[in-house]
Each structure stands twice: as C-alpha cells, then as structure tokens.
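Below you'll find the structures, each written out as structure tokens.
In the two complexes below, subunit A is the common chain; its partner is subunit B in one and subunit C in the other.
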Partner chain A sequence: MILPVGPIHPGLKEPLRLKLKTQGEKVLSAEIDYGYVHRGIERIMEGKTWQKAIYLSERVCGICSYIHTQTFAETFEKIAGEQAPLRAQYLRVLTNELDRIQSHFIANSTYFKALEHETLFMYMLSLREPIMDAIELLTGNRVNMGWNVVGGVRMDAKETHLQQIKEIILKLESGYDKYVEMFEQGPLVGLRSHDVGKMSREQAIKARAVGPIGRASGISYDFREDHPTYRDHLDFNVIWRKEGDNFARTMNRFDEVPESIKLIKQVIDNIPSGDVRKKIDIPAGYGEWSNEAPRGEVRYMIESNGNLIRKASIRTPSIMNIDACAKYMLKDVATVADAVATYASVDPCIACAERVVIIDESGQERNFDGIHNIQLE
Partner chain B sequence: MLNAVKDVIRKSSIHVCLINTGGCNGCDIEVVALLSPRYDLEQYGIYVHNNPREADVILITGAVSEQWRDKLIRIYNKAPQPKIVVALGNCPLTGDVFNQEGCSVYAPVSDFIPVDAEVSGCPPRPSEILAAILAVGPDAIAAKGRQK
Partner chain C sequence: MSVSTTIITSVLAVIGTLIVAFFVSLWLPGIERKFVHARIQQRVGPPLSSPGFMAPIKFFFKETIIPNSPMPRLYNALPLIGLLSIFLILLFTIPQMYFLGALTTVIAIVGLLKIEEVIYMFMGVLSRSVLSMGMPFPDVVKGAKHPNAKRSFLEELSSLRAFRLIAFGSFPIYITLFIPVAMAKSLYLSEIVAYQQINGPILFTIAGILGTIVFFMGSMILLNEYPFAILKTKADVIEGPLMEYAAKSRAYIYITRGFLIFVLASLYVTLFLGIPPNILDPFFLVTVGTAIIFPILMAILSAFSPIFTFKQFYPVVAGTSIIGILGIIAAFI
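The block that comes next holds the complex of A and B.
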C-alpha cells in the first residue's frame, strides 16, 4: 500500500509529499515529491545588482539564512580577488557559529518532536532562545539579519555586546552536558534511535550526503576546514561518527555545538580591531564559493558583468540529504513512526531544497548542481 | 445558553494549522519558537498542529507558489466552520522580495482565500505573532460561530 504523508501533515513542519510504500507496518521504500515552495529565486536574481540580490539570497532559507548571505558576499569577493577586513571575517565566523548552534537545536528539537519526546523538545527550544537573543544583540534581527555586505559586514559590534554574547555562551556551556546525557543515556530514546535509518559510508558517498548527515555516516569532511578564516586563524575539530543511524546524526549535531562554542570563545577573545567594511569594485567574471552551512555544503556560482548578475546558481545541502534519506535510509524501516523520525533526523529544509531536478527519458535521476547552466565567455 | 457555552469552548481551545505556501521558512521557525517555554503558546489554549480538518485558525506563511494555487483552496475548504485565516509575514500580503519579474509566486494570498488578519514583518517577532493570534483569535472565532 502507498501511504501518502503531506504536504500538510502533523508530522511535517514544511510542505513536502512523502510516499511510503508499506507492507503492514513495515516501510519498504519511499518516494519524495518536491516543488511546493518553489519561488524561482535564481531566475529573479538575474539582472539584479548585488545590493538587491543579497536580500533574495537571504530568503533562500529562513533557518540558515545567515550562511547564504555570507557565501553570496564571499563569491563576489572571490570574483574581485579581495578579502573582507579581518575584523569583519571574525564577526562573520561569530554570527555563523551562533546560527549553527540555533539551527542544530531546532533540528534536534524537531527530531524529538517526531519521537514524541516532548521534554527534550522543550529543553532544546529553551536552550535556543538565549542564542536567538545573542544573534539579535549582534545583528539587530532574529531570523533574516541583513548582516553581510560584499566587502564586510554592515555594522561594527560593540565590545559590551560581545561580552554579553560570551556570557550567554558560557551559560549554555555550563549546563549543556545534562541534555546530551539525557539523549545519550536515555533508554527509550535510545531504543527508537539506535540502528534505525542506517546509511553506510558508501551509500552516503553515492547519495552525495553532506554536513552532519554525511559526517554521521563516516565522511569526515567539513567545509570550514578549507575556509581561509577558519584555516588560518581558528582552531576546531571536525566531529564525525561511524554508525550512520538516527542516533549518530542527532549526536553529531549535539557534539558540534561545543565546537561552535569553542570557536565563538576564540573569536571574542582574539577579535582584531579595525574596519568592518571596505569598498570593493567588482569586475566582470565568474566565481564559485562554498561554505559549511548548518546542514552541509552550500555553494554559490555567480557570473557577473561587473554591475549586474548575469547568472546565479545555488547548490544547497538539503536536497542531497533528503535524496539520501529517500534512497537509502527509508529502506526496510520497521514502522511508519520510525520512518517519520528518520525523515526528521535528516534535518530537512524544504525551502532550501527547491532546486531543479531533471529526470531524463531513461528514468535516471540527476541533480544538476548548476555548473552546466553557466556558459563562460 | 447553548451559544454562551459554545463561545466559552471556542475561545478556550484554539487549534492552529500552519501552512507554508512558498516562503523562506523564517516565519515557520518563529511559530516553532512560540512553542518554546519562553513564550509558551499552549498556556493560552492554543495548540499548533498541521491538521486542517481540526483547525480553527489557519496560519498562512509564504507567497502562493504554483503548486498551491488549487491546493490552498482545497485545504481551506477542509477546515470546519468557524475558521479564521491569519496571513503571517510579508509574503502572503505582498509576495515580499519574491514578487518580482520572473518569479513563480502568485501573491497576495487574499486572491485565493479570505484573510481575516494580517501580520507584517519579515519575519514578525514571536511576540507579535502571539499578540495577533490572541487579538483576533478567540473573539473572531466565537463571533463567526454565532453567525451560523
């Protein structure tokens, strides 16, 4: 029997249709329908200046809205062959890590909600609120911050605000282990999480899984390792696990939060003084840039004619992860409830994932990541 | 007498159905933040689930994308009377940044279904969303129920 879930369903936070092929309670396989929130952002970006397009890039996704503007700005900086001032780079790292912490909390809370574990769901949301306060303190907004510009960040951060953010972070760190232990040692949550929705390393590579989902299956790679600011000035560990089940994915996100806290402390202690913004003249050209969003690699490919954007293409992590979920994780899941929990453990973000998927006549599915779209002169 | 009892019941238990019709997810996240202990939506008798068949309040976040043009009306018709529709954020009101040449959104949402309340902002703060639902929710639902 085919069991449709969605697009509006109590188990889903965003519109998406899951078609579960079931036999009794067992889920044999799954299919996914996208397209409910397709807005045509890449098309609207064409013919716009960066000052207008950066607002569009922010609204690709509301949860990880920050990293999209940073990647957009850094793509233009790559085209111009320049870098933002060092203080701006540090402030970008600070905001990025705060954003990562809140995104991981909301991802884990969604997973616990799917397991019907209301206590941890509420704990995760209450841990998230102080982080939102810190983001608001720094940038002035909670969700869509409008914080990045090409060549730096929009305004400087006050020293008192940085100290307040540090206090918030230290408070989070002091009581954090309790919540991780609740999940790690909890017998009932463990029963629902261990060995459910397994994906091996080979499968993860085939499905091009990225971010915490890929890292939970043993792909020990983080795009922050290649980012100039992180590589040259900051120190952090890449968290990865081997199991590849729901437990590993959730624990991977839990364990990345202390690393982000470590980075935030380094940034606030060592932030250099100076300008936060410089004027960059953008030549005509083509640039690509990748960053590690909370969900994995986000890549921007932009061709500019010096003033206007000629072609923009965005590759977001969610579509690969949701693909991996449908192809490999939702195979032979014991119950329908476990299937919904597995889907939630992938941290799906549908607003990100509305990219073009082309299915050719042979029935082979290919994700065009956009490079083919751009014809260089 | 019966109406008075119905009023009390309708005012004290409000079920909310959240529909993202093509937005950036930011408003949905702010609604999830409302569930957190800081705002605690459920202390007002408001329960957020995504089931249109039980909904009193339909929260619309997002401009209307191609797929939603017919489905939105169908979902609206599935919700039982009395029901109110709250358009949340700039997208359902004007289409926000997406409503430009070359887009595939069909804002505003009031072209498709009647909208009772509008909250602007991109996204509105959780406290504003809460204030809007509380300001319009209980009384409007009770009043609409009496009309029938």
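The block that comes next holds the complex of A and C.
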C-alpha cells in the first residue's frame, strides 16, 4: 500500500507529504510532495530595498535564520566590492557558529525523537538552551536576530558578554562527550541507526547532497573553507565520514559541534577592536554568495538596481538533501519506523526548501510565480 | 468463626483488595514519569497525580464524541473490555476466589491476557482517524485486487503490528507463566501458592530467577513499554490504534495501563513468591512494593533505549523465549 505520512504529522517538523510505497512493513520507495508552506519570499523581495528585504531573508528558515541574513548582506557587499570590518566579520562567525551548534542539537534531537529515544531528545534540547541564551546575550534575540546589516553587524558586543558566552561554551564542552558517547556507544540506539538509510558517495554527488548530509557520505567539503574570514583568520577541520547511514549523519553533526566550539573560542580570544559596521554604497549589479549553513550550502543570487532589488533567488541546502533522501536513502528500508527516522536524520527544513525547486534541464528559462529557475551545473 | 462471618470477611477481602489495587495503580504512571523518566531526562516532570489519577478524571468529564469508525460502539467499548479482562485477572488471583476452579488456573489468566492484547488489533482495524480519512491514497501495490480503490490508512499499519505482536511478541510472558506450573505440577493457582508455602518461593530457584527475567521482559512487551512500543510509536503511526480515543474511552485506556502494571506485578508475586493479593494479609505490602518497583525498573530500561522495530524485536523475543524455555527445563530438573 501507499502509506501517506504528512502533510501534518508528529513525525515531521514541518508540513510536507511523504508517500511511502510499502509492502507489509518494508518501504520500497518514497515520494515527496512539497508546496504546503511556499511563501514566495523571493517574489516579495523584488522592488524592495535591502533594509526591508533582509528581514524577509531572515524568515526563510526558522532554525538557521541567522545565516540567511549574513549571506544576504555578504551578497550585497560583493555587489559593492567591499567587505565588512574585521570585528564585524568575527562577530558574524561567532553568531554563525552558535547558530550552527543549536541547529545541530535540534536536528539530532529530532532524529532521537523519530527513534523515540526520549532521553537523548531531552538531553539535546537541554544542551541547546544555554546556546540559545548565548545567542540572546549577543544579539538580543533568540531566533530572528536582526543582527546583520549590509556592511557589518547592527551593534557591538560587550567584552563581558563575550566572556559569558565563553563560559557557556566551556561548560558545554566539558560535559559534551557524555552525550556523544551515549549515542555512539549505545548498543540499542546503534541498532536503530547503523546501516539504515545508506547513501553512497556517488549517490550523494548525483543527488547534490550538501552539508553534513553530503559529508556523512564522504564528500569532504565545507563552504566555510572558502569563506574569507574562516580561510584567512581562523582554523578548523572539516568533519566528514564514509558510512553514509543515519548513524554517520547524526555523528557528523555531533562532531561538528566541537569544531564550532573551537572556532568560537578563537573568535572570542582574538577578536580585533574597531568598527562593527561601515556605510556601503551599493551600485547596480548582480552578485552571488554562498555560505555554509548548518544544513549545507546556502546561496543567494541577487540583482539590484542600486537601490531596489530587481530579482532574487535563494538556494537552500534542504532541497537537495530532501531529494537525496527520497531518491536514495528511502529505498528498500526495512521498516516504516526506520524510514521516518531516516527522513529525520536528513535534518530537513521545509520552509527553507520551498523556493527554488525547478531544474530546467532543457535550458529554457521559465518563470513561475515567485519561483525562479536556476540552471544547476 | 461462623459461616456468615467468613463470607463477610471474604467479600470484604475481595472488594477491599480490588479497591486498594485500583487506587495504588492510579499512582503508578505518575511514579514512573515523575521519579524516573523526568529525573533521568533532567526535567521537573508532571505532578505525581497527573498522569494516572487526574488525567482520567479530566477525561471522564470531557464531551463524548463518536469516532470515525465502521463500528463506533464496538470501537469505544474496546478499552472497557481490556480493563475488564485485567480486572478479572486480579479477581481470579485473590485467594477467596479460588473456589471458581478452572477460572483460577494459569490457562484462564493466559486467555484473559490474550484478550487484552487482541483488542489492540481490533482497535487498529476499526479506527479511521481524521488524519487518515483526510489523505486516502489509491492502493497501487502490484497485484492489488482493486487497484484504484482508495484504502490506505495509517491504522492498517498499527493493526498489522498488533497482529504480529499477538503472534509472537507475548511468547516470553506466556512461557514464564508455566514455570511455576511445571514446578508445582498443577495449573491451579491455589496449588501453585500452596506449593510455595511448603517449599519456599519459586523465585529462589534457578528456574525462578530465569522466570523473573523473562517475566520482566514479557511484561514490558505486554505493556507496550519503550523499547517495545512499536504498536503506538508516535513518529510513524501516531499512537497507533489509540489515537481516536477521547473522553471516557481515553480515561479507560489510562486506567487500564496503570492497572495492568499492578496486575502483572501481583501476578508475579502470586506465581513466584507464593503471595496472592489479599488486603487482609500483611504480605499484601509485598505486592504493592513490587507494583512500585516494576515500573521504576521498566522506566530505567526504557529511558536509555529507542523504540525497536521488528528487526530488533525478533531477536529480543527469541532470546527471551529461549531463557524462558531454559527456565521450564530447570523447573523439571
């Protein structure tokens, strides 16, 4: 039978319809329907100034909202051929890494909820809470931070706040291994995670999987390696694994947290003094910029007439990852429960995904209402 | 003691035992959730009385709704049937009821436990949740009899799982129930109890120890406790067959669960310690104590494990059943 899961379902964080073709309890294949939360944000951005559109970009994703504003701002900075002051760049890294940690915790907690391992689920949420406090301390808000502007960040961080954040991070670091070990060494949770929802490196490349999902399948690439602030001033390792199963995806996110902690410590210890924003005159032009969001590459393509946005396209990581999940991971899964867990292990973000979805392979340009075509290479 | 006094005492013992058991059972879910789950998960947890005591009271006063079901009355009656079957198990283990003969044998108890299990399958078959009704899909499986008929429901899956559980999931507990039978060489509870009063509790034999392990695991499977809760897993089948229950029916489900914990503990104490539930006997406190220890141990085990799928379920059941069979062999030796 075809087992519909969603669009509204406790197993899903956000609305989408998962059609599982099952034979008994075995899942033969899966299809995914989107379109329940499409808001046409790119279309709404058109004809607006960046000052207004940056708030829209923050609302693309409800979990990793921060990286959208940073990428938005950096796209405009690229159009202008300028960079934010170094202190602002450091503060952006700090916020980005805090955001990555909380996003990874919530992603793993969702996976544990899908496995119905409620204890780890609760532990992940309790680990996340101090990180949210740190974000609030820095930016004044927990989710939609309103932190980035074109040319820097909105306000400076106090030294006392930075030290408080460092304390939070050190506290997290000291007790962190216990939780990772619970997952890594736990035999029962291992049974539910090892060799489930496998995706090989070749499949990951074909499906254009990005972020921790691609890295868990052996694609050892992180967009932070190409980002000027990370590349020139900071040191971190790209975490990747070979297994490509639910376990690898979850562990990949777990292992990225200490790297983020390392980055945060570097930022707080070495943050330069100076301005946190500068005025940038934006000329007419087109710019593209990519950043490593918690879920993978997020790309902004913006055309501006110098004042207003003429056209904007946003490519979020979830769309490729969800597609990879439907095509490769949800094939011949032993049980429906495992299929739901596999889906959760991909850390899908539907609100993110519902935008650029049409790959026009014929090369013809077609514009849908609010959805822009992008020719993927 | 005159005959009339004996009758009055017996009636008081039976009624008193049932009432005390019922009252104690209402607090068990709260103990499990507040003192174990919440403590392990580093949160405050619900008030002690909330999950088992206040929640059913609340649901009793909610508006009764008729669920989407081909047979709504039967569907609504199923939790009550389950509660009744458990109630009868406790009734038949009370020593004053041993005159009922065949009804106070291990076979009768197995039968009543089976009723409690089977109702889940019927629940799955009879349930048509709003969620499922809103999204029927055409059945496109190869060889389907009516390929265009829309008949895919989430509850089908839970019904299928309930059927599998009936088929093999409850093996361990049934096997372990026959360890005391093998030792006392009688199916009658009265004789099993008498055997232990002469020879000491079965628990303190090798067969008894093996039986205890298997009984514990079997109880967890019967109670659909984590990690054996595949029947009502919230991530894919959304509470499974129980989803559509509201108001009184939902209250019965909550009461049934707490009561089943108590009854299983009481059954264990009767069969393995030779202490049948009787309010007039001070050893009744052992039953109450076991009823508190059981859910605490279960909660500790379940706190650190995810829900099993059948892939993990089969080996666990097979392994536990083998231990149970070893217990029976040990009982004969």
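To be clear about the criterion, the second predicted complex is superposed on the first by the 355 of 377 C-alpha atoms of A that agree within 3 Å, B and C clash if a C-alpha of one lies under 4 Å from a C-alpha of the other, contacts with A are read in each partner's own complex, and residues count from 1 in each chain.
The working rule: contacts are C-beta pairs under 8 Å (C-beta built on N, C-alpha and C of every residue); 3 or more make two chains touch, one makes a residue touch a chain.
Values in this document were obtained by computation on a predicted structure and should not be read as measured data.
Of the two partner chains, subunit C is the only one that A:336 touches; subunit B does not reach it. In the superposition on chain A, contact is made by A:122 with both subunit B and subunit C. By the touch criterion stated above, A:1 is placed in contact with subunit C alone, subunit B being left untouched.
Using the contact criterion defined above for the overlaid structures, shared-chain residue A:351 touches subunit B, although it does not reach subunit C.
By the touch criterion defined above, A:9 reaches both subunit B and subunit C. Contact with neither subunit B nor subunit C is seen for A:285 once the two complexes are overlaid on the shared chain. In the superposition on chain A, A:85 makes contact with neither subunit B nor subunit C. Shared interface residues of subunit A, touching subunit B in one complex and subunit C in the other, are 8-11, 122, 126. Across the complex, subunit C meets subunit A through its residues 37, 40-43, 131, 135, 137-141, 151-152, 154, 156-157, 160-161, 226-227, 229-230, 233-238, 303-312. Taken in their complex, subunit A has these residues touching subunit C: 1-5, 8-11, 17, 19, 21-25, 112-119, 122-123, 126, 182, 186, 188-189, 191-192, 334-341, 344. Partner subunit B is touched in their complex by these residues of subunit A: 7-15, 35-41, 43-44, 46, 55-56, 58-63, 65, 106, 109, 122, 125-126, 128-129, 132, 142-144, 349-352. Against subunit A, the residues of subunit B that register as touching in their complex are 17, 19-30, 32-33, 35-38, 49-52, 62-63, 65-68, 71, 75, 96-98, 100-105, 122-123, 125.
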